[in-house]
Amino acid sequence: MATAHSRSAARIMIAPAVFVLLVWMLVPLCMTLYFSFADYRPMRGVFEPWIGFDNYARFLTSSSFLSSLFTTLWMVGSILAITITGGVTMALLLDKPMFGQGIVRILVIAPFFVMPTVSALVWKNMFFNVDNGLFSYGYKFFGLEPFDFLSQAPLFSIIIIVAWQWLPFATLILLTAVQSLDSEQLEASEMDGAPAWSRFRFIILPHLSRAITVVILIQTIFLLSIFAEIFVTTNGAFGTRTLTYLVYQRVLESQNIGLGSAGGIVAVILANIIAIFLMRIVGKNLDS
Amino acid sequence: QDQVTTLTIATVNNGDMIRMQGLTADFTDKNPDIALEWVTLEENVLRQNVTTDISTGGGAYDVMTIGTYEVPIWGNNDWLVSLNDGMADDWDAGDLLPAIAGGLTVDGNLYAAPFYGESSMVMYRTDLMEKAGLEMPDAPTWTFIREAAAAMTDRDNEINGICARGKAGWGENMAFLTAMSNSFGARWFDEDWNAQFDTQPWADTLDFYLGMMNESGPNGAANNGFNENLTLFQQGKCGMWIDATVAASFVTGADSTVADSVGFALAPDNGLGPRGNWLWAWSLAIPKSSEKQDAAKKFVSWATSKSYTELVAANEGWANVPPGTRTSLYENQEYLDAAPFAAMTLQSINSADPTNPTVDPVPYTGVQFVAIPEFAGIANQVGQQFSDALAGNQTAAQALAAAQELTVEEIEAAGY
Amino acid sequence: MARAITPQKKIMWTALAWTFGLMMFFPILWTFLTSFKSEATAIADPPVWLFFDWTLENYIDVQARSNYPKALMNSIIIAVGSTVLGIMIAVPAAWAMAFVPGKNTKDILLWMLSTKMLPAVGVLYPLVLLAKWLGVMDSRILLIVVLMLINLPIIVWMLYTYFKEIPGEILEAARMDGAGLKSEILYVLTPMALPGIASTVLLNIILAWNEAFWTILLTTVDAAPLTAFIASFSAPEGLFYAKLSAASMLAIAPILIMGWFSQKQLVRGLTFGAVK
Amino acid sequence: MGQISLNQVTKSFGDNQVIPPLDLDINEGEFVVFVGPSGCGKSTLLRLIAGLEDTTSGHISIDGTDATTLPPSKRGLAMVFQSYALYPHMTVRKNIAFPMRMAGLDEATQKAKIDAAAAALNLTDYLDRKPGQLSGGQRQRVAIGRAIVREPSAFLFDEPLSNLDAALRVGMRLEIMELHAKLKTTMVYVTHDQVEAMTMADKIVVLQAGVIEQVGSPLELYHTPRNKFVAGFIGSPKMNLIEGTEAAKHDATTIGIRPEHLTVSKTEGLWKGRVGVAEHLGSDTFIHVHDTGLMEMMTVRITGDIAAKHGDTIYLTPLADQMHRFDAAGLRIT
Amino acid sequence: MGQISLNQVTKSFGDNQVIPPLDLDINEGEFVVFVGPSGCGKSTLLRLIAGLEDTTSGHISIDGTDATTLPPSKRGLAMVFQSYALYPHMTVRKNIAFPMRMAGLDEATQKAKIDAAAAALNLTDYLDRKPGQLSGGQRQRVAIGRAIVREPSAFLFDEPLSNLDAALRVGMRLEIMELHAKLKTTMVYVTHDQVEAMTMADKIVVLQAGVIEQVGSPLELYHTPRNKFVAGFIGSPKMNLIEGTEAAKHDATTIGIRPEHLTVSKTEGLWKGRVGVAEHLGSDTFIHVHDTGLMEMMTVRITGDIAAKHGDTIYLTPLADQMHRFDAAGLRIT
């Protein structure tokens, strides 16, 4: 495969992609890095190019940093947990023989196509709203006091919304994985005397592990940057402020570009730590 | 023919603005050389877009809809075009309500033309008040409001004595609470820019607010902003509602189920002098980065003129004209007849004093805000703390402590 | 060798799956129904399901208030444009990674993915300043490029996993048959990977369609897509559920329908080589 | 232990009857091989025995008790699949232990049995590898190991060697035969490979379209095929089947003569032909003979070498006592 | 046209030298087969000739001109891959036309050549199908068709039949041989199949670890293997290789005797042993003989049947003139 000719061709072929991504990564990132050491507050007309690590110190020591970090991890973790357990269940269910499998699949996949803004608006107003939301009617129907999701269980509510959007993704990937399981393996385990639960635990679940890591990787990439759902529902109130959202507040609400840039750099570093960690797992899985 | 100049106008998606969009034809008929492009966005998104635009040197918009908070700051930064001259001849600057115009003027330059102005007041259900055996004074006290709210509350019939903003945000609950705190003698900063959330007046304000809302407020009040409360009131689920004066036309309008039994009163006080009412105007400003300032001035003149008011009146009735900007409107008998809330609105607006908002002297201007660039960021976060307290997730003391801490942090970061 | 299954079991699975399916779909269904109600019916207590006066009024109102066709056009151009541009850059890169792997191919791939973790808002100012400097604010081309860059890592990765499944022998056969690099990619690789390319395209159209941060911040009038359109419909003075629903349906319907029609392709593409 | 009877068993998939009523007895300790063309129902029959498919009608009994409705895990049989069906995420040790773990055996017993099986199958060095790191033959052995530890009353094999390359196939074939010699457990073995069937079986079952064409020992089938189908199916290269006048001379519709039962001469013989391709293997030579006027192409096998070139004229003479005769219905005439 | 020379060619992958310096001449019109154990470098060698890999050092010339650095498309060779490597999205016609399209031939010429190739390969009825709708043998033929139309100076085949089933393999083998007879183009053919090598080759090249062990005609290799490796590699079942005193008796370190060159008796003979597994194929019987004291297991091949049972005592006698002798270095002693 690899002749000198094809190798040099490969270098030329890969160059545009690497180049644009490098530019995309480096130019704004360098500017952000530059701003992060500056006192840059356009609203005050302040621009002082070098103030050392003040912004970093301020960002990292601010009372909101740790809580937002924790919120981020908790949110991403819970959504992953829900989508993966839900996805595995749905995948197994959809794999069963049934009538109208195609239609069910279409129903399940639909939330994936919905714009985050739209789904946040719909959930917030038409489901979670304590006066006019459907859930409240449900509570009232059973004679209960309506529950105010967005203030009483804000994180949970956002998790529900996002999980709803990403569950189809997990389901689809896992469904394909389930379908790729060699049926002879299941039959072999059946001959070996394994009951249904053991078959799931010892055969199906390990078989899905690769697909699960891929789901985790892709979703984490997208979940770390959740924004619209928080912006629309709670605006960061009730402890739903993630790191991304905190940076947003610094940049756009407080108009402190220097501080926000420092926050952005911190977020990049943290995201990459998570990324490297995930890539290790996935990279290993990609090899096998 | 001549080249057509296209103006890009950023507006907030509220009713008056959308109505203006509908009347565009009137302007373009008169100015065939100008075309209008509307960018209509939800308030938060709008602010995010126009702020980014103006602070990065802008140029995307020729006319921006901004509030009383932004105008002085942006004017100070020399980002806005002064409207002292170049406006249409019949655009009568002297006719603007002094309180409103004052808030839009920096160093003698008027930097934005008010599209509509508002203060806040008490809207209440006359029928429920009667049922409770009480009578609303024209200028109630907070104590009265709290008692009346308790008396009107009838949870079985989904009637809450008091509706007020609880949703986090500097333009949501913090507008209400800051205005309210003024009447309790609280302030954001002392004259040396020290945050004041650790003082007794703030504790009193928050305790009172939480107490009243818990007794008589709606379930889920911590998520209720202007829109949510409006719906509640229109559905007949509120005994009283303290909010912007512009709401008056909606609660007495066609969408309201209780339009016939709405009364109005001044925002409450606490016997210390200031009332808990604010002052706000959605205004049209022209950024310096616009290359079409002349055309933009023509448009702003049209949109904030008396004749525009008449145009709306002719099309939609007097009750729907944008209120709170011109003295002449409140001298117009037709309007006063159509708008039972007119007098109370005018009185509310006139009684707000942005330069001396509270009992003690302050280094800033603004009634329900502090006119410094950092305010929005700080108040959003403080608002989250208070909203969290209203939701019952923390105590008033905790919320105040957190508010104090983060305000100190931010104000230090800002270099005060 | 699926084993025969009893009808009772099949009915049970059917019932269970449909229950779950409808639960997942319900929010969309409810939005759809609400969009045809009057505002009063929309918040009626108890909720009204099917038997109400269906009305198109909300759609007409929404239509009157904003330029839906223009936003739709922009969404289509931006989503398709960024995807096509991305594919054009990604195909050669994926070819190189899949068929001429070097020692650091995997590192390059993972590095590309990690650029996707850049929090958007962190680079907001730099990007806006750059766009201003280049004079491309509020242009479709800016959004096409930005969204392409955001999604490029995903495109490359997906294509890479697809290409890897194509036996290298076929490309060698083409070489033996006298094909140059261009012919090899154009006549052999691309058509063979067409299902994979199609699903990559679909997924990226969806991602680009739904991107709501940059598309709002970098546009005003000319390039504003449906995400900006929907941003003008949340809660103006009162909770207009019916109008909100109508606007929501307008914003998601095109992509939803496209997604449904291309469901099979998409499912294949979504697997990212997760399944061998 | 290990006696299996099928009594009027049928199997349909939907409307498609794959197995018409079928009777078959497999005796204890026997090595039974199912052969037949692709799609004839070999796998289906094996899976019916295993319990992986339900019978449509009829009864299956194992060791005298009715097993028709027993689930696979309760039948006491072990199966080795064509794809090995190893659990890819478990080590060899875990794979072999799996059935015992399911049965709840204690660790010590498990270990002892694993070690014994590994020793028997030459797997001791690989116990801690995953299946992905093993060669085809080793994987096959693991699959057998997993079957052995259960001490089943019979082993079922579905084309267990067809994924291996030729050399390995020979080796594994011997190993399975030796295993059978040692364990003396009943084995039911599906294959489409001539050589496997002939060399391994005590009893071959030839199937066609779900119907048993003949049951018998390999040499029985070789020497006295019951019909044309079996005659053509067993033996490689294929038996030459001749119809027409030449067959009529022997009072038959068809006569059959195996390639190894033809003698060759350059000068004289019964039938005359022209050499087509001659394949010299050193030990043997296969000659494809054309233009005999009897059938399109006749195959001859000669031990050792012969100097036959493309186009040469050649004479063939059948060994008379090795000729097979079939009637119009294709049945053997004895 | 079709003369290929390799001159001191080496190939390393990283530090791993897969082909040590190697010389080889392939004459015009020859059918050359590369055989050798898996991983010995057969494919690598073929791909070096094709230009799909760069040589690490040395020169390759085709028809007298240096082709060492030419890209594959410029060498005028055609290759048929093990996996057929058909373009699945093109019809058979387009597949066959592809190389001509690349060469920019006009439509009419293309059509004529396609028709000719299709006729020659019996593909006329399938020209408008896609490869997915063809059987294995048909696909193989399309791959060959695609190679033919280029009128290459040589064909390269890399295990072209190994994905086919046994019956088809035989058929395709014959077709390729006939093709060679017709076209008389040089063919270089890689296989690991004994029978293919023996039957098809004009010249067999036996490789081990990248080194050429012997080059010669099939029967040369069968009768006079140059060393122990070739002796063991060519012929099936394998030659029995005996060391020790018995070999010393013949003044050799090792003696070799093929299974078919042993005569068997129940009563007397040179060597005595015990019957292990006996494989009865009907036409032949392979007996595995243990406990001869000469080597672990000796294989004997008998034409026809013999009544040998597991455990019987048996006597073997080698045909003296068929014995091979090797010295300590493993080289043939003549």
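Letters A, B, C, D and E mark the chains as written, and numbering starts fresh at 1 in each.
Here, a contact is a pair of C-beta atoms (placed from the backbone, for glycine too) under 8 Å apart; a residue touches a chain by one contact, two chains touch by 3 or more.
Since the structure is predicted, the reported quantities are computational estimates derived from the model, not experimental observations.
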item: Result of counting contacting C-beta pairs for A-B and A-D, higher pair; value: A-B
item: Size of the rotation, in steps of 5 degrees, that lays the CA trace of subunit D over subunit E; value: 175
item: Gap in Å, rounded to a whole number, between the CA centres of subunit E and subunit D; value: 27
item: Inter-centroid spacing, subunit D versus subunit B (mean Cα positions, whole Å); value: 89
item: Between subunit C and subunit D, centroid-to-centroid distance (C-alpha), Å; value: 54
item: Two or more partner chains touched - positions in subunit D; value: 52
item: Residue list for subunit A, restricted to those that touch at least two other chains; value: 1-2, 129, 132, 184, 187, 252
item: Multi-chain contact sites of subunit B, meaning residues that touch two or more partners; value: 48, 52, 56, 228, 231, 235
item: Touching residues on subunit E, where the partner in the complex is subunit A; value: 51-54, 71
item: Interface residues, subunit B side, partner subunit C - complex; value: 8, 10, 12-15, 18, 21-22, 37-42, 45, 48-49, 52-53, 56-57, 59-61, 226-228, 230-231, 234-235, 250, 255
item: Complex contacts: residues of subunit E adjacent to subunit D; value: 166, 174, 177-178, 181, 192-195, 198-199, 218-219, 222-223, 234-236, 258, 260, 277, 279-284, 286, 288, 301, 303-305, 310
item: Residue ranges of subunit A in contact with subunit C within the complex; value: 1-2, 6-7, 9-14, 16-18, 20-21, 24-25, 27-29, 31-32, 35, 90, 93-94, 96-101, 103-119, 121-123, 125-127, 129, 132, 134, 137, 140-141, 164, 167-169, 172-173, 175-177, 180, 183-184, 187, 210-211, 213-215, 217-218, 221, 224-225, 227-228, 232, 243-244, 247-248, 251-252, 257, 260-261, 263-265, 267-268, 271-272, 274-276, 279, 283, 286
item: Footprint of subunit D on subunit A - complex, ascending; value: 182, 184-185, 187-195, 198, 202-203, 206-207, 209, 288
